[in-house]
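Have a look at this one before I ask anything.
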Amino acid sequence: MLKSKNNAAFLISCPDRKGIIAATSTFFFERGFNIIHCQQYTDPREGRFFMRVLVDLDSAPTARVQLLEEFSTVASGFGMQWSAHFCSDVTRVAVLCTREPHCLFDLLCRAHSKELSSAEIALVISNRPDLEATANQFRVPFFCCSIDGSQRRNQERKVVRLLKQHHIQLAVLARYMQILSSDMLDEAGIPIINIHHAFLPAFQGAAPYRRAWERGVKMIGATAHYVTPVLDEGPIIEQDVERVTHEDSIDALSRTGSDIERRVLARAVQAHLEHRVIIHANRTIVFSPGL
Amino acid sequence: MLKSKNNAAFLISCPDRKGIIAATSTFFFERGFNIIHCQQYTDPREGRFFMRVLVDLDSAPTARVQLLEEFSTVASGFGMQWSAHFCSDVTRVAVLCTREPHCLFDLLCRAHSKELSSAEIALVISNRPDLEATANQFRVPFFCCSIDGSQRRNQERKVVRLLKQHHIQLAVLARYMQILSSDMLDEAGIPIINIHHAFLPAFQGAAPYRRAWERGVKMIGATAHYVTPVLDEGPIIEQDVERVTHEDSIDALSRTGSDIERRVLARAVQAHLEHRVIIHANRTIVFSPGL
Amino acid sequence: MLKSKNNAAFLISCPDRKGIIAATSTFFFERGFNIIHCQQYTDPREGRFFMRVLVDLDSAPTARVQLLEEFSTVASGFGMQWSAHFCSDVTRVAVLCTREPHCLFDLLCRAHSKELSSAEIALVISNRPDLEATANQFRVPFFCCSIDGSQRRNQERKVVRLLKQHHIQLAVLARYMQILSSDMLDEAGIPIINIHHAFLPAFQGAAPYRRAWERGVKMIGATAHYVTPVLDEGPIIEQDVERVTHEDSIDALSRTGSDIERRVLARAVQAHLEHRVIIHANRTIVFSPGL
Amino acid sequence: MLKSKNNAAFLISCPDRKGIIAATSTFFFERGFNIIHCQQYTDPREGRFFMRVLVDLDSAPTARVQLLEEFSTVASGFGMQWSAHFCSDVTRVAVLCTREPHCLFDLLCRAHSKELSSAEIALVISNRPDLEATANQFRVPFFCCSIDGSQRRNQERKVVRLLKQHHIQLAVLARYMQILSSDMLDEAGIPIINIHHAFLPAFQGAAPYRRAWERGVKMIGATAHYVTPVLDEGPIIEQDVERVTHEDSIDALSRTGSDIERRVLARAVQAHLEHRVIIHANRTIVFSPGL
């Protein structure tokens, strides 16, 4: 619905120097492309330049392959790391979960209502059987890869196999209560977004709502981040909070929190699917959605 | 899940004078009841006193009927308007909708996950057939009362008949794009909560997102309110907003707004179901949830 | 403090067409200028393009006059409306107030702490004597132009004369409880920013906190906007809100509101002083501050 | 301005059991006192009961001393820890600061505008001379207790001596960049409120804005808490946050943060001055302001 349009998003990063915008915009102008949205950012500490250019592919006749080839010439002149994403391509997504239904429900509803840009939730994987009915309700295949009785590494290999078999391009941990091993991350080889039920870096690790209650915080939050080998330390994509009071029990924090979790996770997944995120030095540059 | 506990919520309103808290709390104390939560408010303009008392029914042996009878004696001494609600009773809810699925989906998911206190979504009514599959997905009966080919009053009568037949105690307008006539409100005779997709009283009436864009506001919001005969002027239960920028198109406002709508509506419905709302002079007193 | 740097901000608006970014960025690149920040926006309804380019003047030898002359050639090729602002130039600001001290205090403190980019609060004007001591405390000249005993137009002429004499470039209405006539706006001929103590377009006009209380809203807000001849209908620069409850009296709303007012006004003034605002069709494009 | 009214606030805490509200409200009723506001909270983990009762002293003839004496009888029956605060009494406040002016300015402006309930900022103490002019501007005595050339304990003793000499009842650390020793806290013997420029428990300790930038958080916050011997671990009174983006430099975070700091600190100080805070087990119960 959102970006079924025939656009391409170029994500670019290179050492800052004069002339990058001029060269890039001239490149597209000379080929007749209309630039729909263009945003830049320069990291002040490292002097590194980042840019997202959204180009209307219908505005010029150049073929995909040729466009990429020709752009790579400009790119190499500036030492760019870059990628191009075609917005009409559907991204295949897997959702991993355990027992809490709220984030899974939310993503399934959004996908069903075509709120998620050109994405298809292709399968749901869980280490427990509880949410099978939820997946079925939306006619999404459900796979239970339980850990009991198998080694953790065996289970991880099963999960990776499923991701590969279904050509998954993005995995979303929607309250998946397992820590992914470094090996698994390597094997999966795709971006993985996790929702942590706290305002990171506060309350990393287990039982954040209980610890938030004990610390007596006056707001609670949630954090969506890319998964890296270090638990809860990956690049943050999105965060949000809500006010709570001394009256809120741990259960109440958890209920309020579940609403924050679902919207933070949805926004992060949406930003990723719209090709608006560049990761650099464990931080994210999240470009604005534009129109 | 939340309040399946055997509690009773007393909602009280009367002219302010000395001794109301003393008399009420002594009443419950003398009968051996434990007061779980007690909150008061005095309207400074009218000198009117409001109170919600949440009582643990398991803490004393008095029967429901007797408790109510005895309380009515205290109440009449202070000229109280009051009602008592038994939290273990299930509230039967109807959701009315048209074409937008997000609020309906959200309520169905919450009911399914037992997030809504002792409530059952007993039926979905729409003036269009579009969302039948959504209701079916959650095994909730769906009724299409279309307006084409029938008079508006006929359609309203059909809706009211359904509400009566299913013993509905609360109707929720989840983006139901029809204005309810004063007659229908009378006939229905139950509280009706509507979600308006703007921060009332800004942008009352039609097309609020378009008008918000044209006015160039920097935040958009949503408002849940009880329905009264005057369009968008009923007592407000809950509101929330989110920041937007000049970059957001009308479509983008509508997408951002749909997230605000669902959480504002859910919170308002929850407050009503927990018997935390008193209406007075077109304003609401919304007591805090307590634990 | 913030932008005493030797930068120039170009604010540009023109009909959208291919090649604008390319031409503009190439213009600066060819002259050796470093582009520090560059942001664009295209109005989807009118196909109008807007851009802010922040250029480091120290990065190239071209003189101010020459730069402007040469840029006007590019600009006329695209039919641009444009202006260039030199960030090292100090903007002379007048604050107009009546009796409420909080916004005046806030602006004076910020100016004193060098939080406002290259701005000097050159004078305070009031229609009442109450806040003279406040202005004196910060050694800013205070002028009382009272309305009693003089015609309103006479008073307005006096105010305009003061603005002219002190070479004021921006007037800020910090709870100035007078409506400016269309004639006065013409005569003043400078941008004027007002803070309205409500979330516009809700509660336009007088006594917004009282009306907010009566309507029973659950959040209150404030709006900073450019003043136009139509009361409270000028282009909005910034808004913010805070949650309130039924417990908050009109006085409490006003106290909570005064905190919102000061920060909303400060942000709007700051955006204007950093040359980040373009007005078009009664809406503002507010570019992000960058670094 | 706010609470110059002749009210008394009773802050009560005791083991939960039936009859506490009844006994307390009956106590005041029998003596003819009007209860203006009454709020309770029961800690679910410890079964401990907390209450704040705001009583209109003008509504009954009992003298202060007698009231306290008589209440102590009720209180001992329930094993209450309690204190009574007379709202017409002025609280003497000292502000401690170092070099950052924004929080000091904010508190001085609020005190000057009578926004702080019955409080007087009686002196400003700093370990550096920078903010002397700021204090002078508001005619508040300024004392520089520098640390260079003296032992830290000597300096602390000097500060404590000033607090004692000026009969200070509340000290506010308004970006006072010194850690108070456990000995000093004992010697001072009064509540001390600190503003930490991060959303605790995230970024405890030094340089929170730099660390927030490095971690790439998408919101920054501030926390006001009572000071205890363990750095940044005292009971939290108030927190707030604002959204930031990858574009915000460390300086920009610090500027945005300074606005959060001042409002969070002001709200916490206000809550304390209105006798709305009870500390228990390193958490605060913050009762609502009522009217």
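Think of it as A, B, C and D in the order they're written, each chain with its own count starting at 1.
Heads up, the rule we're going with is that a residue touches a chain if its C-beta (ideal position, glycine included) is under 8 Å from a C-beta of that chain, and two chains touch if they have at least 3 such contacts.
On a predicted model such as this, the values are computed, not experimentally measured, just so you know.
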Centroid comparison with chain C (C-alpha atoms), farthest chain: B
Between the pairs B-C and A-B, the one where more C-beta pairs touch: B-C
Same-site or different-site touching of chain C by its copy chain D, using the half cut: same
Length of the line joining the C-alpha centres of chain B and chain C, rounded to whole Å: 41
Whole-Å gap separating chain A and chain B, where each centre is the average of the chain's CA atoms: 35
Per-residue multi-chain contacts in chain C, two or more chains: 44, 245, 247, 249, 291
Chain D - residues contacting chain B, complex: 18-19, 21-22, 25-26, 28-30, 32-40, 42, 44, 59, 243, 291
Residues of chain C that touch chain D when the two form their complex: 2, 101-102, 105-106, 109, 112-113, 115, 137-138, 245, 247-249, 251-252, 255, 258-259, 263, 266, 288-291
Contacting residues of chain C [partner chain B, same complex]: 41, 44, 199-203, 214-219, 221, 235-241, 245-247, 249, 282-286
